[in-house]
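Please find one structure pasted underneath; my questions will follow.
Each chain carries a letter (A, B, C and D) given by its place in the written order, and its residues are counted from 1.
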Amino acid sequence: MRKPGRHFLQIPGPSTVPDRILRAIDQPVIDHRSPEFGDLGRRALEGIKTIFGTDANMIIYPASGTGAWEAALVNTMSAGDRVLMCETGHFAWLWQRLATRLGLQPELIDTDWRQAADVAAIEARLRADSSHEIKAVCVVHNETSTGCTSDIAAIREAMDGTGHPALLMVDTISSLGSVDYRHDAWGVDVTVGGSQKGLMLPPGLSFNAVSEKARAASVAADLPRSFWDWSEMIAANATGYFPYTPATNMLYGLVEAVDMLHEEGLEAVFARHKRHAEATRRAVTAWGLEVLCRVPDHYSPVLTAVLMPEGQSADVLRRTIHTEFNMSLGNGLGRLQDRVFRIGHLGDFNDLMLLGTLSGIEMGLARAGVPHERGGVQAALDFLSQTPDAAKAERAA
Amino acid sequence: MRKPGRHFLQIPGPSTVPDRILRAIDQPVIDHRSPEFGDLGRRALEGIKTIFGTDANMIIYPASGTGAWEAALVNTMSAGDRVLMCETGHFAWLWQRLATRLGLQPELIDTDWRQAADVAAIEARLRADSSHEIKAVCVVHNETSTGCTSDIAAIREAMDGTGHPALLMVDTISSLGSVDYRHDAWGVDVTVGGSQKGLMLPPGLSFNAVSEKARAASVAADLPRSFWDWSEMIAANATGYFPYTPATNMLYGLVEAVDMLHEEGLEAVFARHKRHAEATRRAVTAWGLEVLCRVPDHYSPVLTAVLMPEGQSADVLRRTIHTEFNMSLGNGLGRLQDRVFRIGHLGDFNDLMLLGTLSGIEMGLARAGVPHERGGVQAALDFLSQTPDAAKAERAA
Amino acid sequence: MRKPGRHFLQIPGPSTVPDRILRAIDQPVIDHRSPEFGDLGRRALEGIKTIFGTDANMIIYPASGTGAWEAALVNTMSAGDRVLMCETGHFAWLWQRLATRLGLQPELIDTDWRQAADVAAIEARLRADSSHEIKAVCVVHNETSTGCTSDIAAIREAMDGTGHPALLMVDTISSLGSVDYRHDAWGVDVTVGGSQKGLMLPPGLSFNAVSEKARAASVAADLPRSFWDWSEMIAANATGYFPYTPATNMLYGLVEAVDMLHEEGLEAVFARHKRHAEATRRAVTAWGLEVLCRVPDHYSPVLTAVLMPEGQSADVLRRTIHTEFNMSLGNGLGRLQDRVFRIGHLGDFNDLMLLGTLSGIEMGLARAGVPHERGGVQAALDFLSQTPDAAKAERAA
Amino acid sequence: MRKPGRHFLQIPGPSTVPDRILRAIDQPVIDHRSPEFGDLGRRALEGIKTIFGTDANMIIYPASGTGAWEAALVNTMSAGDRVLMCETGHFAWLWQRLATRLGLQPELIDTDWRQAADVAAIEARLRADSSHEIKAVCVVHNETSTGCTSDIAAIREAMDGTGHPALLMVDTISSLGSVDYRHDAWGVDVTVGGSQKGLMLPPGLSFNAVSEKARAASVAADLPRSFWDWSEMIAANATGYFPYTPATNMLYGLVEAVDMLHEEGLEAVFARHKRHAEATRRAVTAWGLEVLCRVPDHYSPVLTAVLMPEGQSADVLRRTIHTEFNMSLGNGLGRLQDRVFRIGHLGDFNDLMLLGTLSGIEMGLARAGVPHERGGVQAALDFLSQTPDAAKAERAA
């Protein structure tokens, strides 16, 4: 049977692609060696820098986000290099596994998957590494499996405090365009991004922002690489072109997405995500459920992972909601499988979409027989009603 | 400033056009005299009959709905003819004004705009018209300005009881594809429809379903007509073509829309609209506001008009909601201007969209300072949660 | 079987809709009473004036072109009024038939359907009408059935010379946006236009440009009218709105189309059409076939109608070309049925599309066994090759 | 200035994306872990097998074609492995360079870039390699830089004759969906494909078809790999899913493309490309120019590279054609830079598009002052006119 109405795609990415972007993508392909393409390439490359907060080199891969993880490592590391990673959750763990597969020696600082990266532990480990065997510190800015956001500026400061020369690599796949991020100001060496979250595009593009230090490291790095290699990319990008066939239609969408973010204003975009996250947590609390992230300073503006009551299956709940209310929620990953569901509130999103989303969860909890209190939607609604969008308020003032 | 997220278009039509239909429309135009066009035309003409519930002639105009009102009259009436109309609200009044402009003599049975057509009054008037001066009875099935739905089968029965030969003409512009309707079974002579409501298309197509009796009447009718003339249309339609350039791309969308309605099942579509209307009224009641329609049997499944508390401006509320929450609601029309707002819950719509809609109203009431009780969304949510979609329940059984 | 590649839609309208316009149409419908709509409406109304060459009132109907013919007459004429029409071909004849159906008394100045309107005959007839019984002179600017273009300025001048007060009404359905046209400068009273030719839109919008004199005439005119009535339209248009539901998505497309025409430059657009028409005629001549239009000053820049050799069926040729080469050509209409085929070279069109078109005809002539000389494509190619686009040449200079 | 009409994208890929595919891509993203996605994934994976001619494992990468080259090697090879490659042109050379960068030892059998792979030389080299140091033979099926197509079945036969165990890897990036190809029947071990040529999609997907022997080889292969790793892909694909975020919208397009190829019929598709290539060569010959490929059995059905007369710049000609006639042609690559231009006649293409293309070249030669004979278009037109599409002829019989 056809399910009427819009599907609510409330996984923490891919997020709902707005019509403007889908329509931008829906244009004839052009010759990637034509003068028109050069204009497109330059606009895409310049535009995306403003979202990463960088004047450094930006690499745009015609590949989905996982590829940009690999790119960050193969361009800067040599076989057997030691990298320090923070296991903030499933995606941090996957990045670590990828590093292992590439022949690196990742070292994991673990957490209970309910908080962000442990800055003190990173600092301590670097101080202990007097021989500078650690070549990179890798952190997931916003851990999509748990809804915890790490403090990258603090990590940079801690690293600086130790005088350790390791590169700082940050995965912003699920935070970029939704959470404040500053590649240059925070001294990040390689930032990894993807298209299908805050950038509001379909999956299919990914990014590396590359500091001068990272670029220098790439000269000596000996992991084999070709598709992901930065040097040819940077050379061709200088005039707006790419060394091999780019994903032209996705670049149309990227240019549109950057325009849309600036039309709203990045500050407004970030404030909107925070406000929606707070409303969501108020709903969760009103339902008598528990937010997975247990450190308020680490709350993610992008998604909220919710712990199921003991003995209740998150996947049964998600299936009920999918079948009955035409909404997709994120599942629990890795050790959290079936124990949490994740609510994405990112990308091209607004108050009514959020309240529709939370309504679907409250009805789903009832339908699936999960013990809970009514009133979560009301709590979120009251909060949103009483707390006008900061950006709007400011503009009105 | 760009407003993020989907706009909630909750006027009682045009309704939100689903992506499938927009994409169907977004195809190259074809030659309207080609063999391919004949296939398209036949599919459109046959398909739309299933929605009107008719095997009679269907006319598809490349014009918006108001034109089909005019068409119904100019094809069947002669200058000075008397037509009996029921002033169920603003649209019934507009149809009457249109009849006057065309040189007819409409006679209005008025109402307080808070109920559907008065069957007994129609019957009485026809009985009194022993000389059969009244040539047609014109009724708006679903009065879009008030949210009251008339009982067409009862009107037919009443007319039959009097033995009066007047034609029965029904405007289904805002009910078609959302509320059960049966041109043949209910003995309607001319049904007037439009594309932009339950059919989920943009505005730009309109329809006449034509009984044999109406067609016979058109032979003698002397109002001047050409664009709206049925006879050439019917002749050309026999092979799937049109006497003048049709709105080809809208026909692509029409064929898709008919498919979508049947994929869901017309019974399921009608049940869905009723369920959403009931949830909406529960919200209104919980807010302490009053539904305009004051006869439960006349409640519209398509829209709910809500009376503002004394001294409050509906238009101020609507503007607040539009500005703050990115949602359009219907305004009060004619004598109801500024006194009601109208909530459209029709077309390609589902539970989460409805709860997002109602959330926007509850927040808007608070922001605009309109006296009300909290809890309308909760009431609707509780109802929807406890009352599974009838069609789904049946299928599951 | 699927036919690969782009269909060549070379009928004289609807013309191929460019991707930009299809994508503009493919956007969510908005509330036609919202502030956003007012902006759209104003842009559409102001924009289209620049194409009609007028500062007068423009009416945009949510209906296809035939409706705008009817509108021109019902707004300005009274029952039994005499109108003078020039039978330049099938469409002029259809307009005359429409006038008859509306209760007017059209008087036809006939032609052999191989030339444009006869200015001297119009002048003579008006001079003879000393009692000013003729209320309007109606001319088709570009006769789509024959490929002859009439000289509207000369007709105006001739009318002025007689001092006759008749209104001048001009059908620009197939010339607007392709051939120079000036509603104000040429003193036209009502200009009738449509969306699906030079404006590059799908069918579904039509236009009246209305002089002050025509508007004054509409006050006294007594033909019944409502849907087509100018007065409410003009009143609502003042703020960018419409008295009944407009074809919103088509208006999106209209705004885009006007932008595209100005991006190219109207002079360049007109020059392009003329150049393509000349190339087409050279091909026809090289094939040993005859152009229907026999007065060079009357050659249409929009389409070329080609006479078949004696005993040959144009429809067999057209079917062969449709089946074998995936191209639609225009058929012979009325008395020209099966005797001519019509090549549309209008709208969003360029040299390579034209040479593909002519190639399809040359191959079709061979396949269908129509006696002809080879070399038509070569003749057109040589002309285009040696005659650069005037607009480009100018810019390069 | 806006250039009117369709751009002719006649590079040898990306090819023109048909509207049906662009519209399929232009749909909301769905959850890549939802049941609906499983259906999509299975349809995509099963569908693409029919185009590769395989029942083996198919890998679909969310990355452009160059990535699939890398994937073929990193999954099967170990550091320092020797691979035998045939330098059929620039792309074969690039693949070799990629192999070098990955730490392999490619050995090149060179050609004069005017013919396909040298089967005898491959055979001889393998016979000489009695110690089986060569781990793979890598061949580009259709060399996009030269327009020469290699005989894969013959290479397989030659390899079999030697009893050498090397894997056979074939790049079909520019032949797949345009030229007959049979992964299983021809005993290929790894086939590399991309989306943007015969598959008619935008760039952004690439493929590996993987024989059992290749899969077995991947177990022992020690090149580091993660993003490109087959094993996790194959495991997840079993149920229609992917181990990391797939390019969902491109998969929508892929399913549509496969349907379109089968609607036309693969045999008809292949015949169409051959017929267009022959017509193109006739035009080239008539112009007095030389086709780069000098072995008729090696002529590519996908593109034709044309040698410029001595002293003439291909890039000047291409720029003239781009500026004056709104068409993109392929440039000369590597050692052929500025010496050839390449005409793509692949993908969703038909006779009239080809003749438009050739017309643009003939006019461009004149405008750019390149010495040539007129009549190339005429020669192609005569051929196409006299040689009906084989597939159609068969069906008509």
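By definition in this document, contacts are C-beta pairs under 8 Å (C-beta built on N, C-alpha and C of every residue); 3 or more make two chains touch, one makes a residue touch a chain.
Predicted model only: the values in this text are computed from it and were never measured.
Engineer: On the document's contact criterion, could you list the chains that touch subunit A and likewise touch subunit B?
Structural biologist: In this structure, the chains that contact subunit B and also subunit A are C, D.
Engineer: So which one's got more C-beta contacts, A-C or A-D?
Structural biologist: Most C-beta pairs in contact, of the two: A-D.
Engineer: Whole-Å distance, subunit C centre to subunit D centre, using C-alpha means?
Structural biologist: Result: the chain centres lie 45 Å from each other.
Engineer: List the centre-to-centre spacing of subunit A and subunit D in whole Å, with centres computed as mean CA coordinates.
Structural biologist: 35
Engineer: Roughly how far is subunit A from subunit C, centre to centre by C-alpha average, rounded to an integer in Å?
Structural biologist: Measuring from centre to centre gives 53 Å for this pair.
Engineer: In subunit B, what residues contact two or more other chains?
Structural biologist: 6, 16, 23, 26-28
Engineer: Which residues, counting only subunit A, touch subunit D once they are in their complex?
Structural biologist: Those residues of subunit A that touch subunit D are 6-7, 9, 11, 13-17, 22-23, 25-35, 61-67, 69-70, 74, 79, 97-98, 101-103, 194, 196, 202-204, 223-227, 229, 244-250, 322, 328, 331.
Engineer: Give the list of subunit B residues in touch with subunit D in this complex.
Structural biologist: Residues 19, 23, 26-28 of subunit B touch subunit D in their complex.
Engineer: Quick check on the complex: what are the subunit D residues that touch subunit C?
Structural biologist: Counting only subunit D, the residues touching subunit C are 1-6, 8, 16, 26, 260, 263-265, 268-269, 272, 324-327, 348-353, 355-357, 359-360, 362-363, 366-367, 374-375, 377-378, 381-382, 384-386, 388-389, 391-392, 395.
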